[in-house]
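Below are two complexes that have chain A in common, paired first with chain B and then with chain C.
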Partner chain A sequence: MSENIKLATWVVLSPFLSLLVIGVFTRTYKKLSALVAIAAISISTILATILYFKNLYGLTAETHYFEWLITDYFTLKFGILIDSLSLGMMMVVCIVSLLVHIYSWGYMEGEAGLSRYYAWLSLFSWAMLVFVVSPTLLQAFFGWELVGAASFLLIGFWYYKPEAAQAARKAFVMTRFGDFGFFVGLLILLVIVGNLDFHVLNKLGTSLGVSPRLITLTALLIFMGIMGKSAQFPLHTWLPDAMEGPTPVSALIHAATMVAAGIYLIARAYGFFSASTFAMEFIATIGILTSFIAATIALVQNDVKKVMAYSTISQLGLMVAALGAGGYKAGVFHLFSHAFFKALLFLCAGSLIHHFHTNDMWEMAEKGGVKKMKITITTLIIGSLALAGCPPFAGFFSKDAILVAFEMNGKHMFMYLTLLISFLTTYYSFRMIFVLLSPESEHHDHKEKHHGHGHDSPANMTIPLIILAIFSVLFGFVDTPLMNGYFDKFLLNKHEVEHLHWSVMIKSFVVFLAGISFAYIQFAGKKGYREGFAEKIGWVRALLVNKYFVDDFYFILVRGLVYPFAAILNWIDRKIINDTGVNGSGNIVIYSGRFISSLMNGLLQRYLGTSLVILFILVFLWQLI
Partner chain B sequence: MNFPILSSILIVPTLGVLLILLCKPEQKTAIRVISLISTGITLLLSIGLMILYDRQTGGYQFTEFKPWVPQWGINYILAVDGLSIPLVFLNAIAIFTGVLASWHIEDRTKEFYALLIFLATGVFGVFMTQDLFFFAIFYEVAVLPMYLLIAIWGSGKNREYAAFKLTLMLFFGSAFVMGGILYLYKAAGLNTFNLMELKRLAQYPKEIQKILFLLFFIGFGSIVPSFPMHTWSPEGHACAPTAVSMLHAGVLMKLGGYGLLRIAIPLLPSGLHDWALLMMGLSMCNIVYGAFTAIAQDDMKFMVGFSSVSHMGMVLFGISTMTLTGINGAAFQMFAHGLVTALYFSSIGVMYNKTHTRMISELGGIANVMPRAAFFFAIAGMAGLGLPGFAPFVAELMVFIAGVSKYPMYGIIAVISVVVTAFYIIRCIQKTYFGNTNPKWKDLRDATNFEVVPLVILVIALFVFGMYPRLVLDLMQMETKNIIAKLALM
Partner chain C sequence: MAFTLFPYLFLSLILICLGLVGILVRRNLVIMLICIELVLNGVTLNLLALNKFSLNGGAAGQIIAIFIVALAAAETTIALALIFLIFRHHKEIDAEKLTELKG
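Moving on, here comes the complex of A and B:
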């Protein structure tokens, strides 16, 4: 085992050990459990950082396997794969996870189930890291399912809230539905190719004897899983509901890492996916469609977390579209930068919710005092600027990379759609900001005394915000000539520095300005509830408020199809198989027994009659023969 | 001669039963402790088997041979191989945790424990004997006490009907098995019931194999249970006391799959070729139909019962593929499903002891008052729906691989059950444990440390064998390879 692999092994194992320690020893000591989990993820982060600095300019793939299951025509292996992509993702996961762990210390203070909370966070971190370092599709599936379970447990953390319970169930079942496709795709590949190593799958397009149709079929099946986990249309509706979970969880799982797992998987198996032109077209189309739909729904949301959730779906859609259109670097770059600024946005939202005890931006504005939460509101603005793609924040450069990728690959339609989506993104982000900053209503003084408003959240919550804000400001520069195109060097081992694409940048900046001024005109400096432009047209409003009726469709599907089908089968089982088949044959035995015993009731006449009948039958049969 | 470890596995619980019978009915604690000690020793012995079994040599080991009725070729033969050791271990865990889970039983404690352990002894016998005559005897011993256990200690007004139906259907099956065994004995013409001899020497013509295999398929199929002979299972579980459900779904159902793998397939390989399609078709009904029917259930035990129907279908599906992966998957599924249903039923039992209802519609928010019971049911559910990291995932993975390679279309249909299973399990967790607590349940007390012990044991087992399946899979593979070799000869 090489040094790199050893380090990576401990990065992965550390949260798992924390899960065990919490489960076995410290579960009754809340603070201790939290410390154990934080210590474990810190160790992971430190080791990952060491690993990163040892391989500052990327590395070629190093793998280590052990045999998990051996059977006749294949061996299923688990292992560790370290290359630039997994190293980068590992860093992102560790950093965000560590910050969320620390932030939760403040956010979840006084929570009765704190040990459980930290245990599930450790479970999640472990599963996510297992997924990230996986050298085979099977291990990826393994981690993929486990992060899904962790997500279920954490969304349902406040299980006594019916909405949370419902949301957890929906998230699990819907992603599981997608995973059906993933699993079938995996099985078909395993049966036909006999090997699930990514390095084999990535060369499948060029290897002989594998039909392109098979690749297309399996790629689409696996993409079905990605649609579930990365919340792509039409399997996206679980993600907004998942906001019922604690906000730090939303930041970690439903913004930065788990939902990005699908994007990571496409990047990981990029050779495999790009071997099928049709699959890539399909992926790109679904991505851009998702992005547009989610961005429009975000326009009418009043819950800050919902705004961010739809914005997450929208950004994930962009990444998927970028990868589908051939922009490998652009997709991965946006994945990393989005992880930072979206985690930041969610943690800011958490800080606001912690303070105001409401999710509704209008109510927050009503209560007033947002401006006094200096760190929170500053970092929230930084995050929104990054999300909206204001130069020089992280989102600007990564979105720029996506636009360039579309342009280079001749997808002009996609580029203009992305610009439109950017406009909507800027608009809804700053709608939120301007609403929150709107002048306070007169009676806030009275409330201020009551709630002790005017303080910011405690330091263990604000420090993660500051760190993430720094990332959100600076991360974008890694792909600029200022840092000699560092990101290209790291990820692609490419040494020539790319120029800035001024034409695209200017377009994107103009769109940003348009979005922010539009939001400014409609929302800035005004009191009370106001409708945005999307809400003024009746049918648009109806469409958006009802989220394009996708949820209603599922509701009808489950209520009208699944439950009745189950009820019919149950009726068949009870009435036909059991009552008629099983009890019926029993009854035949009972009645024939009664009949025969009635022939032997002790009366001579009956015996004589019976004998005569039998005699007749025998004679008749004899005649027949 | 070495220490007769296999006979000890039979004798220790039998001694336990005898000691229990000597106790006075009032000495309940003594009875429980005797039960716990005797099953505990058995568990240790079965772990010993796993460790001491020589994996290099393989084949039958720890053989004990005593002539019994030599003129008819009946011998007392005990031997275990890679296929039976995991099942012996499974049975030992199930009875040990079952004894712990029925600690609260106050009504006729003495008879309850005596019957329960007697039943488990029969199951041990089935898994260890290599003589068909003894197989038949142990098989009956394993089935018979079930009637009393359900009819006397069961719950619900239907319990006598359920017990009656269960016993009759299992005897219906065992009649076919008996007939089949006698036919095997006669048709081989070797004047021996010795299964090892028969496997080596007996040659059955194809036409006879065809008939005989059908007999065994009906016989063993009714205990698996194969569709449409499954209706005893949900009802039987629902009415049975916790430990009986655990043993029943955990181990007794495995007698069917084990019988097929031990007797029917090695002796009658061409019979399997003749009937594989039928088996596959019925198993598809089990898997998909069972899963969908589980959605419609309100009684949690009915739901788990139908999920057992669905998951035991995987065993038949795996066998019907006639590939090494499929049969490995089937064998592993028997083991994994045993652990998972034992956990299901014990966690439901912990709750039922307090609530006295299992109706999903009447419960709700139980996690607020009984977090432990909820936690363990959730773990069972997660394992049951095939979450990686737990043993059932490994089994399902292998069965599905084999299924997709052999019958691609049906294999994919079978995978649908993964989604449906998630649907009903998660629905049950949400409706039963999550949400607001019904005021009726506000004062429930959570499971005690002691009650949790069996649950913890099962969770550990599920996790260990799920993370490192080779612990048992390599064992099973030694024997399944021979089965495949026989099948390939045809």
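Moving on, here comes the complex of A and C:
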């Protein structure tokens, strides 16, 4: 085992140990559990940082395997794979997770199930790290499912709220539905290729004896899992509902763990996916479609967390589209930068919700005092600028990379669609900002204004915001000539520095200005509820408010198809398996027992008579022999 | 008048059968006990007769017969004691009404 692998092993194991310690020892001490979890993720972060600085310019893949199951046909392995991609992702996961852990200390203060909360945060981080360092598709699948289970537990953290329980169930069932495809694809690969190592899968396109159709089929099946996990259309509806969980959890789900897993899997098995042109086309199309749909739905949302949830889906769609269109670096870059600013946005939203006890942006504006939460609102604006792609924030450069990737690969349609989506993104982010900054209404009396207003959230909540804001401002520069194209060097080991693509940058800047000014005209400086342009057209509004009727479609589908089918299965189970099989065999015993018992009537002479008759019969038979 | 084996065996068969029928048809425990004694006597007679008419002589049958008599005495004592207890407990010695062992 090399040094790198050893470090990576401890990065992964540390949250797991915290989970065990909390579960076994410190369950009843809430603060101690929180400290254990924070310490564990800090250790992970520190080790990951050391690992990163040891390999500042990227590294070629280093792998260590543990064999798990060896048969004549295949060998199942677990292990640790460290290369530039997994190292970068590990850093992102650790940093975001650490900040969320610290932030939760303030946000979840006084919560009864704090130990449970931190145990599951540890589980979540551990699962994601297991997934990130996995060298085989099988381990990736294990981590993938663990991430799903952890997010189920955390979304349903307030399980006594029916909406939260339902949202958790929905998230679990929808992602499981996609994972079914993933698992089938994995099994097909296991049976036909016999090896699930990523380095083998990535060269599958060039190896002999594997038909391209098989690759297309399995790639699409695995992509089904990604559609579920990374909330791509039409399996995206769980993500907005998952807002029922605690806000720091939403930040974690949306930034570093859970939804990032799907994008990371495409990047990890990039050679495998790009071996099939059809699959790549499909992935790109689904991505851009998702992005557009989610961006439009976000236009009419009033819940700050819902706006962010749809923007996440939209950004994930862009990443998927970029990867599908051949922009490997662009997709990964946007994944990393998005992780920072989306975590920032969610934590800001958490800070607002913590303060106002409501999710609705109009109500927040009504109550007033947003402006007095200086750190929160400043970082929220920074996050929104990064999301909207304002230069020089992180989102600008990563979105720029995506646009360049589309242009270079001749997908001009995609590029213009992305510009349109950027416009919508800017518009809805600043709709939120301008609404929050509305002038305060006069009818609030002094006492109400005084109540709890005029101060920001505690330091353990604002410090993570500041750190993430710094990342959101500066992270974009890693891909510019200013830092000698550091990101290319790190990820792709490419040494020539790419020049800036001015034409694309200008386009995207113009789009940003258009979006922000449009939002300014419609929302800034006014009081009370006001409609955006999308809400003014009746049918568009109906379409968007109902989220393109996808949930209703599922509802009808489930009512019309799944329930009747389930009823038939239920009948078979009850009548045939239960009543005939299980109860039937029981009944045979009961009735035969009752018959024999009826012979025991307690009459001595009957017993004796019976014995005599039998004796005679036996003697008679003996005579015959 | 020559003694043959057959009348003895016939008598013992009659005794056994009477005893069995008595046990089966009578409901009074005391009568049933008497009938058991009848069966035992039939068996004893059977053994004695076979001993007398067996070709190799010996006294095995007679010895067993004495044993049976002795055991029958003991058995009757115990059985009567049991019946006595049952009567005390249930105020009843009708076999048809003593059905506590019913399944």
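Throughout what follows, the second predicted complex is superposed on the first by the 561 of 625 C-alpha atoms of A that agree within 3 Å, B and C clash if a C-alpha of one lies under 4 Å from a C-alpha of the other, contacts with A are read in each partner's own complex, and residues count from 1 in each chain.
By definition in this document, a residue touches a chain if its C-beta (ideal position, glycine included) is under 8 Å from a C-beta of that chain, and two chains touch if they have at least 3 such contacts.
This is a predicted model, so every value here is computed, not measured.
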{"item": "Most chain A residues touched (candidates chain B, chain C)", "value": "B"}
{"item": "Contacts of A:609 with chain B and chain C, given as first, second, both or neither", "value": "second"}
{"item": "Touching partner for A:562 - first (chain B), second (chain C), both, neither", "value": "first"}
{"item": "First, second, both or neither for A:601, with chain B first and chain C second", "value": "second"}
{"item": "Overlap of the chain B and chain C footprints on chain A, listed as residue numbers", "value": "none"}
{"item": "Chain B to chain A touching residues, read off their complex", "value": "165, 168-169, 228, 231-232, 235, 289, 292-297, 323-325, 328, 365, 367-368, 382, 385, 387-389, 393-394, 398, 400-401, 404-405, 408, 411-412, 415-416, 418-419, 422-423, 426-427, 429-430, 433-437, 468-470, 473-474, 477, 484"}
{"item": "Partner chain C, residues of chain A touching it in the complex", "value": "596-605, 608-609, 612"}
{"item": "Parts of chain A lying in touch with chain B, wherever the complex brings them together", "value": "67-73, 141-143, 145-146, 149, 152, 156, 159-162, 164-166, 168-169, 172-173, 176-177, 179-180, 183-184, 187-188, 190-191, 562-563, 565-567, 569-570, 573, 577-578, 581-583, 586"}
{"item": "Chain A-touching residues of chain C, taken from the complex the two chains share", "value": "20, 23-25, 27, 32, 95-96, 98-103"}
